[in-house]
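You will see subunit A twice below: alongside subunit B first, and alongside subunit C after that.
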Partner chain A sequence: MVDLPSPTQPGTIDAIAPESARRVRLRRFKELAAKVLSNPATVLGFVIIFAMLFMAIFAPWLVAPNVPDPYQMPRDWAATRMPPGTPGHPLGTTNEGGDVFYGVVWGTRMSLQLSLIVVFSTVVIGSIIGSLAAYFGGKVDEFLMRVVDVFLSIPELIFALAIAAILGPSFGNIMFALIVVFWVKYARIMRARVIQIKGSEYIDAARIIGDSNINIYLRDILPNSFTPVMVQATLDMGNVVLIAATLSFIGLGQAGIAEWGVLVSEGQAGIASGRWWASTFPGLMIFLWALAFNLVGDGLRDALDPRTEGR
Partner chain B sequence: MSAAPDPHPTPASRPDRAVLSLKGVKKHFPIREGAFQRVTGWVRAVDGVSFDIRPGETVGLVGESGCGKSTLGRCVSGLTDVTAGGVYFDLPAEASRLLDNIASGTATDAEKARVAQIEAAHRIDRLQGAGYKRFRRNCQMVFQDSFASLNPRHLVVDIVGRSLRVYKEASGTELTERVVELLEQVGMGRQHLYRYPHQFSGGQRQRISIARALATNPDVIILDEPTSALDVSVQAQILNLLSDLQKQHNLAYLFITHDLSVVRHMADRLVVMYLGKVSEAGVTSDVFDAPHHPYTRALMEAKPDIEGAASEQAQGLDGVVPDPARPPRGCRFHTRCHMATPSCGWEVDDVIRRLEDIPGLFDALSGVERKSDFAASLTFGDAAAAERLVSILDSDGIPAAMRSAMGRLERRDRTVSVAFDEVPDVDLRITEPGRVASCVLSPIEVFQGVNE
Partner chain C sequence: MQLRDYIIRRLIILPFLIIGVSIIVFSLTRIGGSPIGIYLSHEMTPDEVAQIEARFHLDKSLPVQYFYWARGVLQGDFGWSGVSVAPVSEVFPKKLAATMELSVAAGFVAVTLGVWLGTFSGARRNKPADHVTRIVAVSGASMPNFWFAIILLIVFWAELGWAPIGRATADLYAMVPQRTGLYTIDSLLAGNLAAFADALWHLILPAITLGYGATAIIARMMRSSLVEELQQDYVDAARAKGLAERLVLKKHARRNALIPTVTVIGLTFGFLLQGTVAIEIIFRWPGLGKWMADSVLRGDQATLMTYVLFTSVLFLFVNLIVDIVYANLDRRVELGK
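After this line comes the complex of A and B, so read on.
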């Protein structure tokens, strides 16, 4: 057999002689991870994200939770407007005696919850709707894509602002508004991907074998749509927090909660009188959060470019 | 393969049956235009094709690019619904005759009553449940693009073993061992189990595709240009492999290719297609010895000989393939046929085609009033242009056959009226036992190459 490569042929992995599917998949994952981590900016993004995750997960151990509601800022009326470095208040306190460090730490936990819930639900909703549009085509597709076009023609921030404003200031309403606004991108990505993959020959090959539609969706279509969805989801982890903070900042947030946007908003009045800390530290967190997810999202996009991936 | 008795009774053991039988298969694709995507016409990719594939034989399907070979292959494998006609799986000869009688209108009432039953049991788009499953397992396909037809994220073991999972035949180590057996049958082995498609050469990927097709233990495999993307040396290996596998498993092949030299060695019988229709069919060696259709002859002459130079007196194929949305009348090949006669279907479109080659004159054309495909009035911007068309149509610049088919050619001021003799479409007819061709000429005339 002349066309079988010799063990030393470049581009093959004969020399390693893999003996199990698990090992091959693990190696492929490691190769991809190495490719992603070869970009220093991406590494920086991951470092920030891990620090944030640490803070969010271990929040109760870093600062004792406020009772009864840990997401409500504690009030120490005996220590209002304290500067950073005050014993017991490393980042100072707010006008109402709220510990800024508490807001930073528990705000991280809130941001993580917010972004995970919003991104998870929008990925699911968007993927289902996009897949249905691609699967049924015709009138169904046309209708769904018109809806998506309308949504996409309104800037995210303005749209979320309008919904949140109608529903009234509350954290739950901001979350709801974000879900309404963010699912469309996934619908569009999924639809394009499903249509593209549905037309590929390996789908025909699976149909020729006699595999079921649901199996083909789960085994061929979904895994091959994963990369662009994951990149967008990573970017949105940052965008969601940024927009939520913006909405809170302009007054649609829930007063008194440990949310970065609310803290920046409530602390801004003091800046003119030199009390910069109440706004600055939460603001820095918003910046770092958005930066980190954008760095990682861009890094993933470059490393997992579907045109080069899998080759 | 294991020596266990085959749980799926195969038609291979009963040669009085066709593994696959095509009866008047048509596939038309809608042409959509404008903002509302209205259907403005139909691409007649496959336009009434009938032939049988018998157990263990190779049928070669040849024709130029765009003549509908792949579309036909997809119809036969059930990937595409047919527009009209039917594809039948495991069809007994007696049922086949009955269906033919129905088509030709000579069926008795008793026969008519049986049709529904036959269709439910054999027509691939009517099969249900176990019947469909049996068809699906027994009819496999290998595609031209070995890269595109293998999921880039799946390992070889998953690709080749997939059908074993689907039909719950094996799992775990048993599945792995079955896949190793299949890989060994195609000249590969255990060391390739846990690799991705991109880690192989084109020839190896095609072997993987073949192993995947073999996994369901099929009766027939549709091979759509399986070697066209490969280097010549690799091509020969894959063809040998296919021949060996055919003998071992009594496989039937529908071998689709545009390369006559490939089917010459592979195919027992040949079906030559042109613009969605069969132009000639017969035993391969007979067709090569003496083509009964000028198109087949031209295809064979157009093929450069071994030295790479076209032979001296070869007329070959020139001109473009007409639009399959509006195929020529009479004989579809008449626009390019070197032997065309006045009764080959000359029509108004032939005048239009000539006009298109003369830009100045075509631009001067201001209106065409068609009375039929065979008669029309063409109005020009000025009388001089009209006169020019008349002189062209009356000159040696156009085929003599076309001129003699022109029953009328007259100019009245700026308008030229042309009318051709109306002729019926040229149908397939039996030219010899086991041979059919769709040409008005006799095989002898085709052999001698009359007219030119």
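After this line comes the complex of A and C, so read on.
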């Protein structure tokens, strides 16, 4: 005979509930994965992301790191302005003898650092503020959401540009500017989600069995807010690199670092004399990076949105 | 909530948002310290410095300084542009005209391309052509526009020598009297066809570069609303009465799918405006974006802040109009949420 737990037996709910919840989540995850991977465009996005991660992780084995600072472009003054295919410089060199291939490879690490730090910080800051607004409601909510509205009124790139301009050109300042600009969307998403979940039956149930507020928040509300935040975070992984590169290009980056935007900007001077490679390859990397995360983010959004079911 | 109440509510909130933005802009200028530096020289005595401080109210507390600054802005005094060596308010309209000309041309490219791509894609849902079109459209949104501009310049300017850089050929531009500040319109008003051709010739490449980015947003909306329309009963009815599939698409579905797409076109406006910064640098287009970039590099705060304030206010108004139009078109939208 199969041992079915009787609801009157004390202690069984604790033993059963987490297991089945995990199973439900696993099943949902599998369904989602199947749906996401049925879209060839999304699969292409994943392939590019994995290739980029591979480059970032194995960068020191692909090109020997520059000493002492691997994020600084190496200078080979004996080989300036070399075209692609030159021995030792497969993608050519810049005006100052920087190896374009080096910039392309080590730039993946710069972009990965940048996007992870910015997206992680903004998700945390935005989630805290959004949750606080939803939790307290009333005047706190009203005030925080008006602040969010004001932040959203200024176009992203212009806002980041203004902040970075005031702070002065550096990679760190670009990162800081992006964090200031990007947290607001997460605050909005989190607030909406928490308000929605707060009113649902299983939260009432959790209250009845005596869960503390913080427990309810960590075990029920946070995991259930995960999906919309994840979609936005995926899209932002690409957006952040794109905007950072634009700021670098405008002149707010640090000259000489292995960052794609800076490299495109420095290579621009050579195009009149036919040296197309110094801008082309680093720019291609920015494009592929943003494309990959946009494709995956779009794919996730479509897969999660019940309105686009079967489209 | 009634539509009228919704509009009134939004209009009431609007000034507060503008004040909020202006506080952020003002705070940004003060993070870099007092702006008194631009008025000082080495020969000045401490007394003279104090006089200047008093004259521009820089000796007062920050809220009081904000008040004086905001009063100046409301009276049209945006400060002195170090980059242009002229008052900001004097240079601004000329730069704005150049940027508007570029943005409208880019918007035209984006709408034409976006609606076409969206229709093409939506009519071939989940077929290979659909996936390819989607990738082409998403590429537009993912492409660093400054890089795309450089690639086009490498091909059409450096290699082939077909495309020009800048806004106009100097001799032709000098012949056209400036009435609107829009080179295309002014040349037509003057009846100077050579100048008009020159204007278009200079406009094409930057407009394509800028417009391609916004194409994705429009194509995406067009595709999904077309897919939705194609599932409606009236489409089946049109097919049942024997109408050719091409006509069902053109006369019925596409027409209805255009309605929600129109609202998205408003949203791409912000995208285009931001995009002009990098595009204008590369094509040496004498508009707001180039002006902004020059100000950033030379620490010209007055110009920078005017630009931020202006784009934000414009953005707010455009968004408001888009929301109202959208609410009008689609009664299912829950207002005030």
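We take it that the second predicted complex is superposed on the first by the 277 of 311 C-alpha atoms of A that agree within 3 Å, B and C clash if a C-alpha of one lies under 4 Å from a C-alpha of the other, contacts with A are read in each partner's own complex, and residues count from 1 in each chain.
What we mean here is this: contacts are C-beta pairs under 8 Å (C-beta built on N, C-alpha and C of every residue); 3 or more make two chains touch, one makes a residue touch a chain.
On a predicted model such as this, the values are computed, not experimentally measured, just so you know.
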| request: With the two complexes superposed on chain A, say which partner A:249 touches: subunit B (first), subunit C (second), both, or neither. | output: second
| task | Applying the touch criterion given at the start, work out whether A:47 contacts subunit B, subunit C, both or neither, answering first, second, both or neither. | result | neither
| query | Once the shared chain is lined up, is A:269 touching subunit B (first), subunit C (second), both, or neither of them? | reply | neither
| When the two structures are overlaid on chain A, which partner does A:166 contact: first (subunit B), second (subunit C), both, or neither? | second
| query | Between subunit B (first) and subunit C (second), which does A:156 come into contact with in this model arrangement: first, second, both, or neither? | reply | second
| message | Which partner chains sit in contact with A:287 here, subunit B, subunit C, both or neither? Use first/second/both/neither. | response | second
| task | Report the partner of subunit A that touches more of its residues: subunit B or subunit C. | result | C
| task | Based on the superposed arrangement, let me know which partner A:20 touches: subunit B (first), subunit C (second), both, or neither? | result | first
| query | Of the residues on subunit A, which ones does subunit B touch that subunit C also touches? | reply | 311
| subunit A residues touching subunit C - in the complex, by the definition given at the top | 39-41, 44, 146-147, 149-151, 153-159, 161-163, 165-167, 238, 242, 245-246, 249-252, 261, 264-265, 267-268, 271-272, 274, 276, 279-280, 283-284, 286-287, 290-291, 294-295, 298, 308, 311
| Contact footprint of subunit A on subunit B as seen in their complex | 74, 77, 79, 133, 136-137, 139-141, 143, 145, 148-155, 157-158, 162-163, 166-167, 187-188, 191, 193-196, 198-204, 209, 212-213, 215-216, 233-234, 237
| note | Contacts from subunit C onto subunit A in the complex sit at residues 13, 16-18, 20-21, 24-25, 28-29, 31-32, 125-126, 131, 134-135, 138-139, 141-147, 150-151, 153-154, 157-159, 224, 227, 270, 273-274, 277-278, 281-282, 292-293, 295-297, 299, 301, 304-305, 307-308, 311-312, 315-316
| note | Listed in rising order, the residues of subunit A that touch subunit B in the complex are 1-5, 11-14, 17-21, 23-25, 28, 200-202, 204-212, 215, 219-220, 223-224, 310-311
